[in-house]
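Each structure below is given as structure tokens.
Next come two complexes built around subunit A: one with subunit B, the other with subunit C.
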Partner chain A sequence: MTTGLPTGFEGWVAEAARAASGRGLEWLEARRRTALEQARAQGMPTSKDEHWRYTSLTGLREQAFALPTEPLTALQRDDIEEALIDGLDSHRVVLVNGRFIPELSPLEALPKGVRIAGLAQLLESEPDLLQGHLNAVAGDDLPLFAALNTASLDDGVVVIVDGGAVLERPIELVHLSVGLDEPRVAQPRNLVVMQAGARATLIERYLSLGDSLYCTNCVTEVSLGRDAHLAHERIQDESPSAFHIAGLYLRQDTGSNYVGINVGLGARWARTDLCVRFSGEHADCDLQGLYLAGDGQLMDYHLDVAHELPNCRSQENFKGILHGKGRAVFDGLVFVAEDAQKTDAAMSNRNLMLSESAELDTKPQLEINADDVKCSHGTTVGRIEPEMLFYLRSRGISAPIARRMLCLGFAGEIIDKLSTEALRDYVTEQVGQRLESAPLS
Partner chain B sequence: MTSTPAVDDIVKSEYEHGFTTEIESDTLPPGLDEDVVRAISKRKGEPDFMIELRLKAYRHWLTMSEPEWPAVDYPKIDFQAISYFSAPKRPEDAPKSLDEIDPVLLETYNKLGIPIEEQKALAGIAVDAVFDSVSVATTFRESLAEAGVIFCSISEAVHQYPELIKQYMGSVVPHTDNFYAALNAAVFSDGTFVYVPKGVRCPMELSTYFRINARNTGQFERTLIVAEAGSYVSYLEGCTAPQRDENQLHAAVVELIALEGAEIKYSTVQNWYPGDAEGKGGIYNFVTKRGDCRGARSKISWTQVETGSAITWKYPSCLLRGEDSVGEFYSVAVTKGRQQADTGTKMIHIGKGTRSTIVSKGISAGHGRQTYRGLVRIGQRAEGARNHTQCDSLLIGDRCTANTFPYIEVKNPSAQMEHEATTSKISDDQLFYCRSRGLTEEDAVSMIVNGFCKEVFNELPMEFAVEAQKLLSISLEGAVG
Partner chain C sequence: MLSVKGLRANVGDKEILRGLDLEVGPGEVHAIMGPNGSGKSTFAHVLSGREGYEVTGGAATFEGQNLLELEPEERAHLGLFLAFQYPVELAGVNNTYFLKAALNSIRKARGEEELDAVSFLRLIKEKLKILHLDDSLLKRAVNAGFSGGEKKRNEIFQMALLEPKLAILDETDSGLDIDALRVVAGGVNALRSPERSVIVVTHYQRLLDYIQPDYVHVLAKGQIIRSGGKELALELEEKGYGWIETEGRAA
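Let's turn to the complex of A and B:
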């Protein structure tokens, strides 16, 4: 690429520094400056860094990205038609290249007590509302890419659900990337605040129009108040040339319930960090994941679940299907602090390898400092059982179809947990299509 | 050291032409440089190739830094404050009788049922030549020689079998492997050499316990076991009785080589001094153990019971290179008081049809800190490789820690691997059941813990298994309630 921009770490930092305007808000500018300093101090991680042991940053380092400056407003409703899911009835919010587009986000029918707006919009109109929330969950000790996101923090989506409010229809955040003449990096920042007793379903989708090369470096902060409930379904289906970096920071108060389903299908290089903290007891966090890695793809998941308080429950259940030269990394850590008695945590990572050249690295870790806990983890790696295949073949089903059936069955456990039928059908179809085109050997 | 490397090089360079410093005393003064390495080698009267090996390792060691990734805390070790060679103790320095020995130690000996003469030997009391074990050892050596098995100290082997040493030493754990392996290669004091010729089934369990001249092998022990095609050997290391030792840092290296169809069974019971209640003065046990299944259908099996040491840092590993070779790792580790253990294994599957089993049982009590850290790597050519890993942790008390850090890397789809881990405490139901049948709480805990570890104890040679059970009960005394 001859963009003239510096590549690698310098490029990222230079772009982040260039973006620092802060809309004249003192606190925001200070926060962005601190984040930039943090990023500078860290530098680009290497494979010596435990969190990047199996994840090569070479591809990302060699590529220069520019920050988009102005929102892309030329898109019409018809242009994004192909990005929509049939039959999915939702409160839709559309971001293009990291910018909130009000024209494509029809938010009239929101129930009482629910507020959805663009971050940039709110920073202009009600900055005080955001000051207490932004970075409140992610904290000040940010890893590199979250720090870079914070350093150029400007736009994204804010969802605030008041106490006791219940949303019947899901909220759908569509992060759309549109190819431009030079590779762009979009760094949207999403903020989800669920007040006490609020209930909602949030669907986050990452996708592109076309196969262009770009990078998404998003951070989503979610805070759940007392007894709040959030179903959070994230479907990553970026362009096959894209880089995807996502950081999810979750904080749960007493009795709250979070069900997160992470589906990874697209991008050539995708890294997801899920970070869970509890601020009250009896909270329940359920993280489910499904990833498909095909030729030249890397799917990298990092889970950091810390039980600092007693009586919380967490479940981590990730399943992967690898084909072609696909690579996947799973690095999960469940930490139980000294006083977090009665913690119940179960982590599982199961993988299906369909080809000779796929590669998998998994690291399910437990760090336990309390005795009255129930913690377990399990990992399996294997291929499709020849007996199962034989059973289906003996019933007249051709080998490729039988394989696909078995893979879909394997993936089904996660897909079935999605809350809307339209989304379940969509994901099943996407998974099926990918398996069909995959050279199953 | 404050001088720059360049100056050091010039200062040292003259010795390359064969000058050495003469140091008179029995024990070398603290500190480590090339002269010390040469002096160690000279004192042991080693041939030139050994000096070269040691110096190469020493020079490499200088370029390395101490590993910081294990989940253990200890004050930084000053490697210049350690004396790297001490001649075997003269009898007049040793304690004269059991009266001079720590009564706590003696109590433990009695509980383990160790005969009085053995107690003296273990406690480091000078024993006279008529001591029974000497004759026992001699009988053993005779029957081993008959079978053609070589079982001697490394120093002896360097002189008598230099070809074997040249061929095998450092071939599994090269001096470049890690910080402590490099240090060991430079300054190792002594150790054991076992060679089992082709097709020979070693007639008895080999144990350093019976090799009188193996006592006082010092802090940098080196063990090399070579099993030729179709042979079998079972080796026991350590003993259940707590051992007194002046050296705080122990950095041993163990290398096992199994050729086609050979099997090596290596059992360890480690019970070094764990330090006082505050964890002061305990042994640092930083060991590199690795077995190389070079031949097809070879098998290496590690069994360890780790109850001692203030800090244990140890990962007995298997390189499964031969087709259909098998690696096993069975471990029970107990940490109590302020003990810390970071232990586990590495199973590197390279050959086709290789299989490995990992069973790790960790018991953490008091302020104990325990980490299972394991790697299972299945290479691209390891068609049909199989691994099963199970690591269970038992927590006793609410101030102890149990970590599980498994690393699993799979590059072959035909591989089948499973990993399971659980963490739990002794449940009140279990305890209540035992108590209602009239068992004291301590007996009940001991029973439950022994049941928890049974899978591993079953792998130990019989006499060891019995002792290990007793040891475990004693180790956990007072940990409950």
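Let's turn to the complex of A and C:
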């Protein structure tokens, strides 16, 4: 079998091929097969590929990953206690190594018109419900990792909020990785469908019990109907040995509003692709990001926002703190088509470098083909101002704490946008802890 | 309390302080006046440990400890406080959080118990009243978007909260209108006590109408060339610095 993919990926591809038997659903089999062919045809990207210019795949390709196994059903509520956030009152869904675990996902008291279920479950019980939605937003032209995810598409979470339904409590998807004897790949697929006028907050968390080596290759598809509203808060806090690959595919209809907050803290190597399309006018998309990269870490964000229709607004605001030998990549593209008049787009990437050895590649781009638009982009790379540090120290605050306060001040702009206090406190704590142990050079 | 002897300091290759002597005892208020470029602010900064100055000679001790070898935060722990001429804006750093961190750092360094949130807020409300400050200031980021007057009042507010043994006010009067000046001076006066000393660095005599000094020193070209009582400030106001500089050289 020639796959054009290196050894390390054989496991993925083999699994994808095996999964292609697709639960007896012809449409699903067809989608998986197409995706597998796409993955094979693309092969591994090289540094000549514009989308992978600054991000080396060497570490990932040298690593052999085993096939996913059966769900870990032995886990009890107590086992996952450490993964929960104090005071966060949510409709919680727990996945372990990419598999939906009903026993840990007590989905009671869901309001009327809200459906949350495991993807594999629904593929068995109500496949017709999914046929029109799965892959509808991501589309058929998938980049390698999304193609691999689709080729073995089987489990994950489905959230469907009916027209006009409103969720007061946030939905929380806890993607938990538990170390097994050998490194594994988890490829969960999340599907979020917000019908016209629906409103919800969705928290998506990726984390691990322990610090084992594994890979998450997740895809989340979100479609917002007319005037729907979604706050989508994603906290990537994977194990320090892990690889994390995430694809978000978002489609927004007329008048819809999306606020996405992407926090990247964990993993040794993390790649996130955010892809936004509008299917109606007067939609508003706000993408916020905060990433921290320290020794041995890479945080890579790729944004692809296309304004094909007029009168939509998008904002992309990403902030990074780099310390030690941390590396980060920000590659953002906002495209404005010829007919997309009155587009309002502002992209910004600001970075705070705490050490000389940290490295950043930032490339915000606007491609504008319409003449009546308001678009801007900007990027900054700065250090902690000695003046600020001295001011704090002159008040008796030690240099490390002063530095942490200034960094949290910088990060606060993004953290403050999280919709629940429990999550704000959690992220502040996590960022603070990492900065505390950060070497300064 | 503070003893400075023959202090010399450079900024880059330029010598700014050229053998400065000053003795400040407990409870005393000293005014240091002088023309622009005389080294007033440099002196305040060197005492508080700001980077960018090279001390090339002399000594500065505070209650017997060598100040010059201490980090800025260690000087604050000893009881030194600098009210900045240009208070720095700290975007995103909440004022209450900052004040609590500062107070508790100092208390901890002194072996005192840290204040909990309730006792801290009670203390802060009390201090706010002294400076006629609105508590909305507590919710804002440190100095961010503050007017010039608010920034200066926030400095004095911090001083009131941290209760230093020696406060150095670096041109606190600059950019203040007369009402703000009165409030700031009132705050300083409220803190005067037999144990607490103040060094007021200023270009103009005006502030000294409100904060009455025990001693006035004239700094020129990095040295104190004249010392006297508060009447010296009035004399300077009348005759200008030219008079004393000429006289100083002649002497």
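Going forward, the second predicted complex is superposed on the first by the 430 of 441 C-alpha atoms of A that agree within 3 Å, B and C clash if a C-alpha of one lies under 4 Å from a C-alpha of the other, contacts with A are read in each partner's own complex, and residues count from 1 in each chain.
By definition in this document, a residue touches a chain if its C-beta (ideal position, glycine included) is under 8 Å from a C-beta of that chain, and two chains touch if they have at least 3 such contacts.
These numbers were taken from a predicted model, which means no experiment stands behind them.
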item	value
Dominant toucher of subunit A (residue count), subunit B or subunit C	B
Touched partner set for A:L360, first subunit B, second subunit C, both or neither	first
Contacts of A:E108 with subunit B and subunit C, given as first, second, both or neither	neither
First (subunit B), second (subunit C), both or neither touched by A:K374	first
First, second, both or neither for A:R383, with subunit B first and subunit C second	first
Contacts of A:L406 with subunit B and subunit C, given as first, second, both or neither	second
Interface residues of subunit A shared between complexes with subunit B and subunit C	none
Subunit B - residues contacting subunit A, complex	69, 380, 393, 395-425
Complex contacts: residues of subunit A adjacent to subunit B	50, 54, 322, 338-339, 341, 351, 353-383
Subunit A partner contacts - residues on subunit C that touch it in the complex	48-52, 71-73, 75-77, 81-82, 84, 87-88, 90-93, 97-98, 101-103, 105-106, 109, 141, 158, 162
Of subunit A, residues touching subunit C in the complex	385-388, 390-399, 401-402, 405-406, 408-413
